Every structure is written in C-alpha cells, then in structure tokens.
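What follows is a set of structures for review.
One chain, chain A, links the two complexes that follow: it is found with chain B in the first and with chain C in the second.
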Partner chain A sequence: MYTFSKKLKTFAFVLMLIGVAGIIYGFIKAPKDLAEVKANLIEQAHDGHGEHHVSAADHAVSDAHFDHHAEHVYGQLKNKPWTALYVGCIFVMLVSVGILVFHGINYAASAGWSPVLFRVMEGLSAYILPGSIIFFILLLLSVYGIGGNHLFIWADKDVVEADAIIKGKEGYLNAPFFIIRAIIFLGGWNLYRIYMRKQSLALDASGDLVYHKKMFKASAGFLAFFIVTESMASWDWIMSIDTHWYSTLFGWYVFASFFVTAITTIAFVTLYLKSKGYMDFVNTSHIHDLAKFMFGLSIFWTYLWFSQFMLQWYSNIPEEVTYFIFRIQEFNLPFFGMLVLNFVLPLLLLINTDFKRLTWIVVMAGVCIIIGHYIDFYLMIAPGTVGGSWFIGAAEIGSLLFFIGLFILVGFSEIAKAPLLAKNNPLIEESKHFHY
Partner chain B sequence: MSSHYEAPIRKPLVIGEKTYHDITVDVARPVEGRANKLWWRVFTIALLAFLWGVGSMAYTIGTGIGTWGLNKTVGWAWDITNFVWWVGIGHAGTLISAVLLLFRQKWRMAINRSAEAMTIFSVVQAGLFPIIHMGRPWLGYWVLPLPNQFGSLWVNFNSPLLWDVFAISTYLSVSLVFWWTGLLPDFAMLRDRAITPFTKRVYSILSFGWSGRAKDWQRFEEVSLVLAGLATPLVLSVHTIVSFDFATSVIPGWHTTILPPYFVAGAIFSGFAMVTTLLIIMRKVSNLEAYITIQHIELMNIIVMITGSIVGVAYITELWVAWYSGVEYEQYAFLNRATGPYWWSYFLMMTCNVVSPQVMWFKKIRTNIMASFIISLVVNVGMWFERFVIIVTSLHRDYLPSSWTMFQPTFVDAGIYIGTIGFFFVLFLLYSRSFPVIAQAEVKTILKSSGEYYKKERDSKENHQSLNH
Partner chain C sequence: MSNKVIYAIYNDDDVLLDAVKETKAAEHHIEEIYTPFPVHGLDKAMGLKPTRIAICAFLYGLVGLAFGTFMMYYIMIIDWPQDIGGKPSMSFIQNMPAFVPIMFEMTVLFSAHLMVLTFFMRSKLWPFKEAENPDVRTTDDHFLMEVALKGDEDSAIEFFKKTGAVEVKVIEK
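Right after this comes the complex of A and B.
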C-alpha cells in the first residue's frame, strides 16, 4: 500500500501556490482600459526597435487606424490571462482523460502486459472529476462572457450578427447547446471512470470474475462513446475558437496529442513509485513497453500533424490556409520548435531498444513530450484568442504548474487509497511474468 | 520473444491434441496431396475470368482509353476505384504480420501467411490499373526518375501520383521480403519431406538453403523484428499516400484532412474482411479448423467492427464538417453524395460499412461462421462502393453545372475488373496448393503455451498442486 509522502504533498502545494501567484499576476497585468493600451502602444512605438514596434508606429500615422488597432490589442490582452488559464486547464484535464482511455483500451484488448500498471492509471484518472468541474466552470464563464473574456467569438452576439459565416454555424455554436454537449461529454467520461474504479475494487475484494467481465464490457462501450464524443469535444472546445476554420482531422489530431502525453505521465508516475520501492513487480520490460508507446505515438502524432498541415498548405485554399499562415508568421518559433520536441527528440532518444529501458532517457524524452504537447495545445488555442499579442510568461507557466500540482495531489491521494497491485485481475500473473 | 506464461483465462489457439509432427503433417497435406474436383472447378472459373480480363485489357490498349466509360467531366472512375479497392485489401497482410507482431498477438501466426499472400496478390492487381491507364504500358518506366535523353522528360516530384509509385513499390518489395523470410523454414520443411527429386529441387531453391541451425533461427528472429519495424510505418504510408492522390486537390469531397487516417482505417477494414472471406473457405477446404479457430474468426471480426466504426466516424465527420465549414461547394458535394443521382451508392456504402459491422457487438454473431462470411462479403462490396462514391460523385457534378454528367461503365470496364478478381483467385488457388499456408514453424512455438491440450494439462497439474498444499 502506498502512502502519499509529506514531501510530495508539499511539492504539489508549492506548485499550486506558485501557479496561483502566476495566474493572479496575469490578471493584474492585463490592461484595465483602452487608454492604458494606447499609452503602452505609443511608448513601444517610441522605443522603436523590432518589426512589431515599427508597425505599431505606422499605425499611429492615421488616428482612426490606431484606435482600431488599439482596441484590437486591448481585446487580445484582456483574453491573455484567460487563455493562459484555459490552456493549462484543458491540457491537464485531457491528459487525465487520455490515461482513462489507455486503461480502457488495455482492458478491452485483454492486454497481458499492462495489468500491473492498472492501479496507477485508475488513480491518476481520478483527476478527471475535479479537472472537469474547473474546466466546466471556465467554459460557462467563457461562453457567457463573464469576467471580460472573449475566448469564443461566436458567443458574442454582435460578432455573430456581423459575420455571415459564423451566423451560418449558429445552429451548432450557441451557448445552451454547447453547454449541454459539454455536460454529456464530461459526464459520460466521469461516469465510466467512477464505474471502473468501483468494479476494480470489488474485483480486488471478492475475486469474482463477474466484475472483470463487467469492466471489459464497459470499456468496449466507453471506447465507442469516446471516439464520437472526443471528436466533438475537440471541435467545441478548441476548433471553434478559430471559428471560421475547419479541419475534419482535428479531433483525432487533438487525441494523438493528449494521448501520447497521457502515456508519458503513466511512465513518469510508475518510474517514481518504482524508485520509492512500491512497485517491485514492475520490471524493465513494462517500462520498455510504455516507452514504445511514447515512441510510436510521437510518430503517430507527427503523422497526423503532417497530414493536416501538408494538405491545407498544398491546396492553398484561402478559407483554410490562413490558419497555418498566421501561425507561421506570428508563432514561428513554437510552431516549428514543437516539431523538434514532439518528433525529432523522442524519435532519436527512444529508437534504441536499450534506451527505452533507461529511466533517465525515458524521463528526458518524456519531458520533451510534455512540454512539446503543452505548446501544441497553446498553438491550437492562443492564436485565435490573443493573436499577435502573445508571449508565454508567468500567467501561462503559472497556470500549467497549478494544474500539475492539483493533478499530483488528486492523483497520488487516489493511488494511496488502494493496493498498487490489482491482485485478482485474471491477467495479473501474466503481467507480472511479462518479459520481452 | 513470446512470454512463457499465459493466463488460464485465454482461449487456446490450437485445438485438439496436436503434436509438433501433427502440425507438420497438417500443413504439408494440401501441398503433398492431389487437388480435388472442387479445386479444379473453381480454378477453371477463375482462369476464365482472368482470360476475359486479359482480353479486355488487350482491347483497351489496342483501341485506347475511349473504350472505357470515362468522359470529359468524370476522368477517373472504375479504374481508380478498383485500384484503391485492391490496394486497400492489400493492407491486412502486412498489418497482421508486422503490427500484430509488434503487439505480440500470438493469434496472428495461424493467419499471417495467407494474409500476406493475399496482400501481395492484391497489390499486383492494383498495380495493373495505373499501368493500363497509361495507354502505352510499355512506357511505364517513365514514372521512374531515370536520367534520359528525351529532352525535358522528367517526373514531377510535386505530384502525389509519383509519391504513390514509390509508396506502393516499396510496400510491395518489403511485403514480399517479409513474406519470403517467414516462408524459409516452412519451405525447408517441405523440402525435407519431399519424395520426388523434382519437388526436392524446387523447395531447396525456394528455401534458400535453410539449415535449421541455431544461428539461422537467431537471424530469422532478428530480421523478422527489423522488417516488422520497417513495415509498420509502411502500412500507414501506403494508403495515406493513396489518399493524398485525392486530398491534395481542390475538389470538394476529395480535399479533406481526415482522408489519410480514414483511408488507412478503411484499408485495414476491407483487408480484414477479405482475409476472413478467404480463410473461412480455406480452413474448411484444407482441413485447418484446428489452427484457424472460431477464436481467430472472432478476433478478426472484432477488428472489422472497430475499423468499420472508425470509418463510420470519419464519414459522419466529413458530412458534418461540410455543413460546418459554411462553404457552399463543400455543402453541395456532400448533399449530392447523399441525395443526388448516386444516392444509392452512398446508401450502400453506409449500410455495408458502418451498419453491418455493428452486428459484431453480439458474441453469437461474431462467433458464427456463416454470419462472419456473409458480413465479410458485404464489407468488401461496401468498400468498393466507398471508393466509387468518393471518386465518381465528387467529379460528376463539378464547379461548372453545364458540364454535369453521369458515368456509365462499359463492358470493358467491367471486364478488366472481373479479370483482376479472376487473376487474384488464380494466384491464390495456386498458392494454396504449393505453399505452406500456415506458418507452421511459428505455430509450433506457441503450441505448448497456447495449445488446447497443453493448457488443459497445465491447468490440471496446477489444480493438483493446489490440492496438495
């Protein structure tokens, strides 16, 4: 039985405290009114170096133009702390959903290698409940425009009336329907997670294979529910931010991104618990398999990234390609840098068989994957909300740290509640004997 | 590389009290015995269909592509539909042998050989279509980037059609090498059992002098793993690049980002359906029910169900995004697909590919041989119509309503298609009488861990021990 150590608990709290400080700082730094933005812009123009500043000065030439630009920047900067909060929140929440899905896939596939890791997955996926509650509140605030954020421009009545394309999407993109869908998606995922945990503990206590069968069936059903709801959730929560843009692949692309991060997280927590002596039944072959998934899914993510990017770039249809042109122009470094973190480094670090068994290599590749996919999420959201006024600073990092801290707190508390070995799982012996 | 311990809950993969020698005899029997009347009858039909196809191909090349039903608006139709259909079918083989090898799925061993054979034979059929469509197939080598003195003749590296040339030829070569590597110990087994000098000579050549020493086996395993690693991205790349042929264009209905992974899923879907069709017949005809068990059929059915559902999600996504995009042309392309003059082909595609595999949720149906056989045929029909829907309905009503038209296939279109089906079965029937159709060397490695007899033996021993304690 694992006990949540004081040290780790303190660490989680410290992360959350730093996070809260960063988030508050972000909100304080956001401009209070248009006059402040104008003053800042003029000051920047007088500083007069860097391309962006010059263009701000150009704008100043005509007053009307300048006013318009300032209003635009004001809107973006007001969105900035909200975007920081939103990206951190959805990223960590979806990672815990990814852990749940990985558990579900392994269960439905009757995988023989992974049952020794089930308790880690069950524990970490506990974060879905608090994570999705916070996220849901954030969605409510966003679509009802509370607190001055405009993450979803389609939620703004004036914008919709002025924009024929968004007007055409109103039947789908409207606040009540949006909220109902979110309840169905988040509710469904939470129910499955609660059900699985209950059956798993019952199986532990009684050894009755009836519970195993129930979990198997529930997992198959959940995966069918998930493949539909995950795509829709991605359209709703992320794609609709760039309201004009569309891509049929988007849902699967988002999935690949949080799924590979989820498996990396499982690997990290497993390595941590093993290093503390709690999981002696986990051998290097299990780590090897997790690392293979990190490796394979990194390539899979790149495959989807390339498919989406290349097809729109090649066809060069204005409705679509603006999405990428804007990112290449305004977010050049993170846009291409993320490919190094998410593809090149995991590929090179993890291609070797022996390397997949070395803790420090797996950790190194994993850190790249987590940072890289955070940037990926940031790039899916921020260009549509803060546009050219972006930078990753205290608010963004603070938000990520806060949610990671909460994730550790909730996840490890849940892991501590049950034995680390699901001893009555019918495949547990096979998993313990697993040897590559 | 396989684990030694297997959970008692797992179902056996070899039924009955089989010994190593039994496996040898069972696998060698169709090769060493004589063909029965039924085989000759089916072979004759396949051969006639093939000959008809050869005639249609000759007529096309002699007269020109005008013998097909193509017109100014619909410049691609049955030829590319058949091409994509065959390439798709060719996906299951390498998936079974490479991806399932990496996932350590022992059940692949009974079916991988035939699945790979199917892969190679169907890629051969697929390759015929672009070559015939060239009109002058003897100039086919122009698709290769060869230095030449024809002036400015050079391939266009910007074209996905060229990428396809590379993708498919790579796929064919790697699949062939993979298949043959696995065959070496099995050919050697036939060689060692051969009675006549002629067959001995033939199988000696085919087995590349396999000696069966430990070093041979060690290299064999290493090569298999390396090839599996190489072939796995290939499984994805081939149909991805086939999808690029369409998706890089600006044709509504073709240009959609989900096409690459959805084509791959669809290919695995149709490939598994074809494997199911072929193996259900083969296990009966060649008496291999002990190796290709109901459990194998059930697992294949589950894969058909999963990939069918993925394809279904993609269909719905395309339809939904066409509406969501707000682009008039996108919206019309999909409206026309579902309700235009070709609505029936869309309806067939939807029922065969999305609805029909859902019956596999019921264990009774997915463990029923007849039902599995019927669904597998239905899926193959559905997947042909999927390509027809994508290709013809997207083209026949283009941007210019004055050139809207319909596509009418000619008897030549039909003849070539039927000819390739005939050719495929000619190859497969010959294969089934001259090759070891089950990877017997691999099946032997799992006999003791997953054979029914040994599993029972082990369980009773364990029970005995626990009683003593």
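Right after this comes the complex of A and C.
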C-alpha cells in the first residue's frame, strides 16, 4: 500500500502556488484599456525601428489603420491570460482522460501484460473529476464572454452577424448546445471512471469475477462512446476556435497527442513508484512495453500531423491553408520545434530495443514528449485566440504547473487509497510473469 | 565417436524450451534445432548471439532514404520541373513535403527487401535449395534437437528421454 509522501505533497503544493502566481501575474499584466495598448505599441515601434522615420503624411494615412490594429491587439492581449489558463487546463484534463482510455483499451482487449499497472491508471484518472469541473467552468466563462474572455469568436453575436461562414455553422456552434454537449462528454467519461473504480475495488474485496465481466463490458461500451465524443469534443473545444477552418481528421490528431502524453505519464509515475520500492512486481518488460507505446504513438501522431499538413499545404485552398501559413509565419519556432520534440527525438531515443528498458532514456524521451505535446496543444489553440501577440511566459508556464500540481495531488491521493496490485484480477498472474 | 549425433524429438515447444535449458546445464553441445514455427525465447535459451539484422535494417533504410531523396530531386526538380498547385518545382526544400511519402516508401522498400535478402544469404537459402531437415515431421508438429554425442551412448539416450523427448535416435553423421 502506497502512502502519499510528504515530500511529494509539498512539491505538488509548490507547483500549484507557483502556478497560481503565474496565472495571477498574467491577468494583472493584461492591458486594462485601449489607451494602454496604444502606448505600448508606440513604445515598441520606437524600440524596434529607431532608425526608421515615419513622415507626418504617412502617419495621417495610417492613423485609422493604427487604431484598428491597436483594437485588434487589445482583444488578443485580453485573451492571452485566458488562453494560458485554457491550454494548461484542457491539456492536463485530456491527459487524464487518455490514461482512462488506455485503461479501458487494456481491459477491453483483455491485455495480459498490463494489469499490474491498472491501479496506477485508475489512480491517475481520478483527476478527470476536478479537472473537468474546472474545465467546464472555463468553458462557461468563455462561451458567455465573462471577464474579457473571448476564446470562441462564434460565441460573439456581432461577429456571427457579420460573418456568413460562421452564421452557417450556428446550428451546431451555439452556446446552449455547446454546453449541453460538454455536459454529455465530460459526464459520460466521469461516470465510466467512477463505475470502473467501484467495480475494481469490489473485485479486489470479493474476488468475484462478475465484477471483472462488468468492467470488460463497460470498457467495450465506453470505447465506442469515447471515440465519438472525443472527436466531437475536439471540434468543440479546440477546432471551433479557428471557426472558419476545419480538418476531418482533427479528432484523431488531438487524440494521438494526448494519448501519447498519457502513456508517458503512466510510465513516469510507474517508474517513480518503482524507484520508491512500491512496485517491485513491475519488471523491465512492462517499462519496455510502455516505451514501445510511446515510440509507436509518437510516430502515429506524426503521421496524422503530416497527413493534415501535407494535404492542405499541397491543395493550397485559401480557407484551409491559412491555418498553416499563419502558424509557420507567426509561430515558426514552436511549430517546427514541436516536430523535433514529438517526432525526431522520441524516434532516435526509443528506436533501440535495449534503450526502451533504460529509465533515464525513457524519462528523457518522455520529457520531450510532454513538453512537445503541450506546445502542440498551445499551437492548436493560441493562434486563434492571441494570434501574433503570443508568448509562452509566466502565465502559460504557471498555468501548466498549476494543473500538473493539482494532477499530482489528486492522482497520488487516489493511488494511496488502494493497494497498488489489483490482486484479484484474473490476468494478474500473467501480468506479473510478463516477460519479453 | 565425435561424428555421432543425437536427434531428440519433442512434440511441444514448452517441453522443448525446458529440455534446451537442461541440455545446456548438462553441458551437451546443441548443434541445431529444427522447429515448425519460431519458438519464442529459444535463441536466448540456446545462448545464441543476438541478431544484428536490426543494424542492417537501419543502414538499408538510410540507403533507401538517400535514394528516394535523390530520385525525387532528379525527377521533379532537375529533369522535368513542373508547376503543380501553384508551387513551381524550383527548389527541393520548398517542395519537400510533397516528396515525403515517396522518400518514406523508398526507405521502407529498401529496408524490407534488403533485409529479407540478407536473411536468406546468411541462412544460406536460395531457390532450389535442398531442405536440411533431418526429419520431415519438423515441418509439421514436431521439434528436433540435434546434439553432439558426449560420453556413453545409453546414458545420453536416457538423459534425453528424461527431458521429455518422445523419440531419441543416435545417427552416424
């Protein structure tokens, strides 16, 4: 039985405190009114283009343009702290959903290697409840534009009236339906997770295989429910930010991104618990299998990324390709840097069989994957909300740290509530002796 | 004496694996094992060196990637540049995303085919090659372990019977 160590608890609280400080700093730093933005823009122009003199005539012509630009930047900067919060929140929440799905897949497939890791997955997926509550509140604030939060332009009545394309999507993209969908998605996932945990503990207590069968059936059903809801959720929560743009494989793409991060997280927590001596029944073959998933899914993610990119790049249709042109122009470093972090480094680090068993290699590749996929989520969301005024600074990192801290706190408290070995699972012996 | 070998025949792969371990422990020299299908973990139990075919695969892949890159560069940029989708083929790097699938496929093609050829050459397999199986049942449902005879013949037969062999033969080679 694992006890949540004081050290780790303190670490989680420190992360959350730093995170809150970063988030608050982000909100304080956001401009209060248009005048402040204009002053900043003029200052920046003077700083950046000291040698470049604008004549008085030019100035008069560009005044109207300047006002328009300043208003635009003001909107982006007001969105910036909300974006920071939103990206961190949805990323960590979906990672815990990914852990739940991995548990579900292993259960529905009756996988023989993984039951020794089930308690880690069950524990970590406990974050879904608090995570989705916070996320749901954020969605409400965004859709109803509270606190200068305009992440979803389709939620703004004036924008919709002036835009024929968004107007055409109003039947699907409207606030009440959006909120109802979010309740169904998040509610469904939470119900499955609570049900599974209950059955799992009952199986442990009684050894009655009825519970195992119930979990097997629930998992199969959940996976079918999940792949539909996840796909729609990714349209709602991420793709609808770039309201004009669409991609038909977006659901898969988002799924690959958080799923590979979820498996990395499972590997990290397993390695941590093993190093503390709580999981001696986990051998290097289990780590090897997790690393294989990290490796394979990194390539799967790249395959989807490339499929999405290449088709739109090649066909060069204006309403599609602007999505990528904007990212390459304004987000060049993270856009290509994330490919190195999410594809090149995991590929080279994890391609060797023996390397997949070495803790430090798995940790190194895992750190690349987690940072890379955070940037991936940032790049899916921020270009549509903060545009060219983006910066990954205190607010963004703070938000990520806050949610990671909360994740550790909730996840490890739940892990500490039950024995780390699901001893009555019928496949547990096979899993213990799993050897590759 | 030294050119005599024992054929110990088994009808289960798990029994065979245990027998291999016992044989190794008794310091008999296993010359070869014939199985109808690949037995997982047999190479480790026999103490064979790990295969180096992965290194070959990687190198062949690099050759394929280089060939694919060169091929697309020659075809699309040098020899017959075209303007496809408003993207004139003037520079390799700007048109590269369109060539990635071909470069990838070339990598896989080279890696896979050359790996198979390497495997055939290393295992001395070629068309019209005579089968080396000492017993036809090893292509169906039996496993045959060929062991160099060490010491007394009767005690050796006794030993292999004990390891679970359904049949033990001594053959003059």
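Some points to look at:
Keep in mind that, in the parts below, the second predicted complex is superposed on the first by the 423 of 436 C-alpha atoms of A that agree within 3 Å, B and C clash if a C-alpha of one lies under 4 Å from a C-alpha of the other, contacts with A are read in each partner's own complex, and residues count from 1 in each chain.
Here is the rule we use: a contact is a pair of C-beta atoms (placed from the backbone, for glycine too) under 8 Å apart; a residue touches a chain by one contact, two chains touch by 3 or more.
What you are looking at is a predicted structure, and each value in this text was computed from that prediction instead of being measured.
When both complexes are superposed on chain A, chain B and chain C occupy overlapping space and clash. In the superposed model, A:430 makes contact with chain B only, not with chain C. Contacts of A:172 after superposition on the shared chain: chain B is touched, whereas chain C is not.
Touched residues of chain A, counted separately for chain B and chain C, are more numerous for B.
Contacts of A:308 after superposition: chain B is touched, whereas chain C is not reached.
Applying the stated contact rule after C-alpha superposition, one finds that A:319 touches chain B and leaves chain C untouched.
Once both structures are placed on chain A, chain A residues 310, 314-315 are touched by chain B and, in the other complex, by chain C.
Within the complex formed with chain A, the chain C residues making contact are 54, 58, 85-87, 97-98, 100-101.
Partner chain C is touched in their complex by these residues of chain A: 306, 309-310, 313-316, 351, 353. The residues of chain A lying in touch with chain B in their complex are 110, 112-113, 164-165, 168-169, 172, 209, 224, 227-228, 231, 235, 244, 246-252, 292, 299, 303-304, 307-308, 310-312, 314-315, 317, 319, 426-427, 429-430, 433-436. Residues 1, 3-10, 102, 104, 233, 236, 240, 244, 247-250, 255-261, 309-310, 313-314, 317-318, 321, 324-327 of chain B are the ones touching chain A in the complex.
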